[in-house]
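Paired with chain B in one complex and with chain C in the other, chain A is shared by the two complexes that follow.
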Partner chain A sequence: CRISSDGKPAKFQPPPKPVIIDKQKQREERRFLSPEFIPPRGRTDPLKFYIERKDMIQRRKVFNIPEFYVGHVLAVTTADPYANEKTNRFVGICIQRGGKGLGATFVLRNVIEDQGVEICYELYNPRIQAIEVLKLEKRLDDNLMYLRDALPEYSTFDVNMKPVSHLDHEEVPVNKLQVRMKPKPWSKRWERPKYNIKGIKFELPENKMKEAQKWSQPWLEFDMLREYDTSKIEDKIWHEVSEELKK
Partner chain B sequence: QGLLSRSVSRSFLSFASITGACRAIQKLTRVRVVDNSALGNTPYHRPPKCIHVYNKTGVGKVGDKILLAIKGEKKKALIVGHKMPGPTMTPRFDSNNVVLIEDNGNPVGTRIKTPIPYILRQREGEFSKVLAIARNFV
Partner chain C sequence: MMPIWTKSGKKHAVTLLKVQDCHVLRYISKEESGGKTSKLLVGGKNASPFYKSESAMEIFKEAGVPRKQKVSTFNVTDDAIIKPGSTPLYAAHFRPGQFVDVTAKTIGKGFQGVMKRWGFKGQPASHGQTKTHRRPGAISTNKAAKVYRGKKMPGKMGNIYRTSFGLKVWRINTIHNIIYVNGSVPGHTNCLVKVKDSKLPTYKDCNKNPPFPTFFADGDEKLPEDLYDEEVFQFTDPSVTYA
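What follows is the complex of A and B.
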């Protein structure tokens, strides 16, 4: 009953249209499968990977392992019998994710009191009590081992950092930071094309960069025997894992 | 102090080259003393080197005692961190860290600023005094 203050019939205002947010569609558009689910190339029986995946899903149901890439800043609390309060919290940037199956590891690096510390954690180790993602940030490379030879300011992260909220459930931001290095010699010759690093600001002279290109192997990307197409395997495994986790 | 890079000119090296820091600690590895003792912090023209490891194998890991040669003197020390990756879930440091110690186990310095792994707490009996002066644990 529309009774306006004037006494005249009020103008018809149509009800607001309902905004349909198809959340299922949004989630399906972005699929993330943790790299340790993908079986390595080889002649092992797929039954072994299937059993391992079952165990991994079992663990994930009990304990939430968030989605993270190399370059994220994580805080990991582990159970430690020798620490006071029995828990040990370490904050660091993930520099490498290795291993497949239940032995999947990730290395966190931080610089505490001018001392660089790296800890290699196993994802499925029952001693881990919590993994929090403090900062979502993908970097230009898959492997940030060059941070060991970079200036320490690029590896320092505050231990009491507040988790930075991630608004979009769509994209993970890529940080195109070019890291400055300490003077040579480095632990590995990062300028060589074998490492294919894009995240370093090389301040080396031109002739050194040209000399490094001597070790380039441009035929590697065309080598057909080295191809390992994981798209179909990933699809299958993603469907399997997501169905199991929804139960 | 801090992460010593080879480009920092040391007075004893004008044209010679040196190897990168050793991963685990054995004889003739250069180590970094992390406590605030006078012996460890006063500059000398030679870096402190390990001359003996008190171990069945000659390789020292975290919690092993070694003999150091500092400023022309012999001193025992305790390894608190090395560059070699150890068992998973244990920290790996970017330099070989060592704390000076007397023969009876008393530390020489009074404070240790650098982080120390929690594993040392397992041998609370031997290293209780060293753990007492440590500030940060990893």
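What follows is the complex of A and C.
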């Protein structure tokens, strides 16, 4: 021990407390509002949406519905009266999220023993026991229905896959994968501009791509009657929902 | 319309009906009306008093109630009479598990042809048909030498009163006065609708201990916010399992 200038033993000086800068809290809280909360444009009474939202929030308090987008790999366990243990587990990539309010659905796709299987689950169905997100990954499109006409390797996911870890504060990564397709004919003409797909590697000849552009409707983005600005509605609903869920 | 799930996991579609400012307007006795039972005039949603003549407003002035958009009659037995004017009617008048008939004006489709209005098959699209694809074809026989009254022909379709019978009530919201009724109901969204106890013979003895003559809000009963039928899955419960 050090000898102080006085000759007496020095009084114990505790080391200075470390200053913890929590980078997680410094970053802005990522806002996510599930798309089924946003009411569609129409002539329905807003009271109906308010009551539906109360029911949806009540279900979310009891059962955790994680944040997920199209392109995530999910595992869903439902109650099945005809299975051995009364549960049924299905793993798949989410290709579409549809519906508004309590009837919101999402479609999971997987290829099991060379057979493509798609199951449409309802988010608020009481038979669903658990939804686990196995892999977080956004894709370039909102709707991955073209995976039906893509090579089966892009839709196969291991049924016993381990969940890939993801930190809470990081942004959801976007996978810029360009998918290769089976030879034509496809179920829908995905090269046409109305589907606006960015995630396919089109190996079609130039003249076919040019011919597909004939069906483009460039006036659609300027159509004012089609505009539905949801930012303010989303803000209000997000505040309402997050307050209720904190209670 | 909304989905509703039962405790066994089945899904049913449900229509939401809101009871908005309903008041009893007048009591018509059996002798006065000339029918078998006495009648009660009930008015629905509040509306502006400036768009109707003085004679039409007399009923509302007598009852002391603002002008109502829709007025309908209910045949009532003598022990179920309610004093007109002061008593408002609430959604808690109906209870979950009851069966109900709903009457409303259907969506007006305007002047429609015979294929949409009556479901005729029309004629083929090709193989030589000259200007005949959606026409009624023959309208009568040779021997009849006339067209019968009520022959199905093109005309104005919709905008008439129709009833859906035997709809089950799944749930009632007492705060916002909303009745959740099974299945679909005639009429467009936000249209005015008349809800009655069902007249079907299978549901005659269904309603046990209804609020009689009606549910009075200032009475002693304090109802919870939501009344559910026994089979309805409430979202406060954990997920359904088949043990």
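Everything below uses one rule, namely that the second predicted complex is superposed on the first by the 217 of 247 C-alpha atoms of A that agree within 3 Å, B and C clash if a C-alpha of one lies under 4 Å from a C-alpha of the other, contacts with A are read in each partner's own complex, and residues count from 1 in each chain.
One rule holds in what follows: a residue touches a chain if its C-beta (ideal position, glycine included) is under 8 Å from a C-beta of that chain, and two chains touch if they have at least 3 such contacts.
As the structure is a computational prediction, the values presented were derived from the model and not from experiment.
Within the superposed three-chain model, A:Pro185 lies in touch with chain B and out of touch with chain C [touch as defined at top].
In the superposed model, A:Asn125 makes contact with both chain B and chain C.
Applying the stated contact rule after C-alpha superposition, one finds that A:Lys100 touches neither chain B nor chain C. In the superposed model, A:Arg89 lies in contact with neither chain B nor chain C. After overlaying the two complexes on the shared chain, residue contacts for A:Asp80 are found with chain B and with chain C alike. Once the two complexes are laid over each other on the shared chain, residue contacts for A:Gln115 go to chain B alone; chain C is not touched.
Residue contacts after overlaying the shared chain place A:Lys138 against neither chain B nor chain C. In the superposition on chain A, A:Pro152 makes contact with chain B only, not with chain C. Taken together, the two structures place residues 80, 122, 125, 127 of chain A in contact with chain B in one case and with chain C in the other. Interface residues of chain B, counted against chain A in their complex, comprise 1-3, 5-7, 20, 34, 81, 85, 88-95, 97, 113-115, 118-122, 136-138. Note for the complex: chain C touches chain A at residues 2-3, 5, 9, 11, 16, 18, 173, 176, 178, 189-190, 233, 235-243. Interface residues of chain A, counted against chain B in their complex, comprise 78, 80, 82-83, 88, 90, 105, 112-122, 125, 127, 148, 152, 182-185, 187. Per the touch definition, chain A reaches chain C in the complex via residues 42-45, 47-48, 51-52, 55, 58-59, 62-63, 79-81, 86, 101-103, 122, 124-129.
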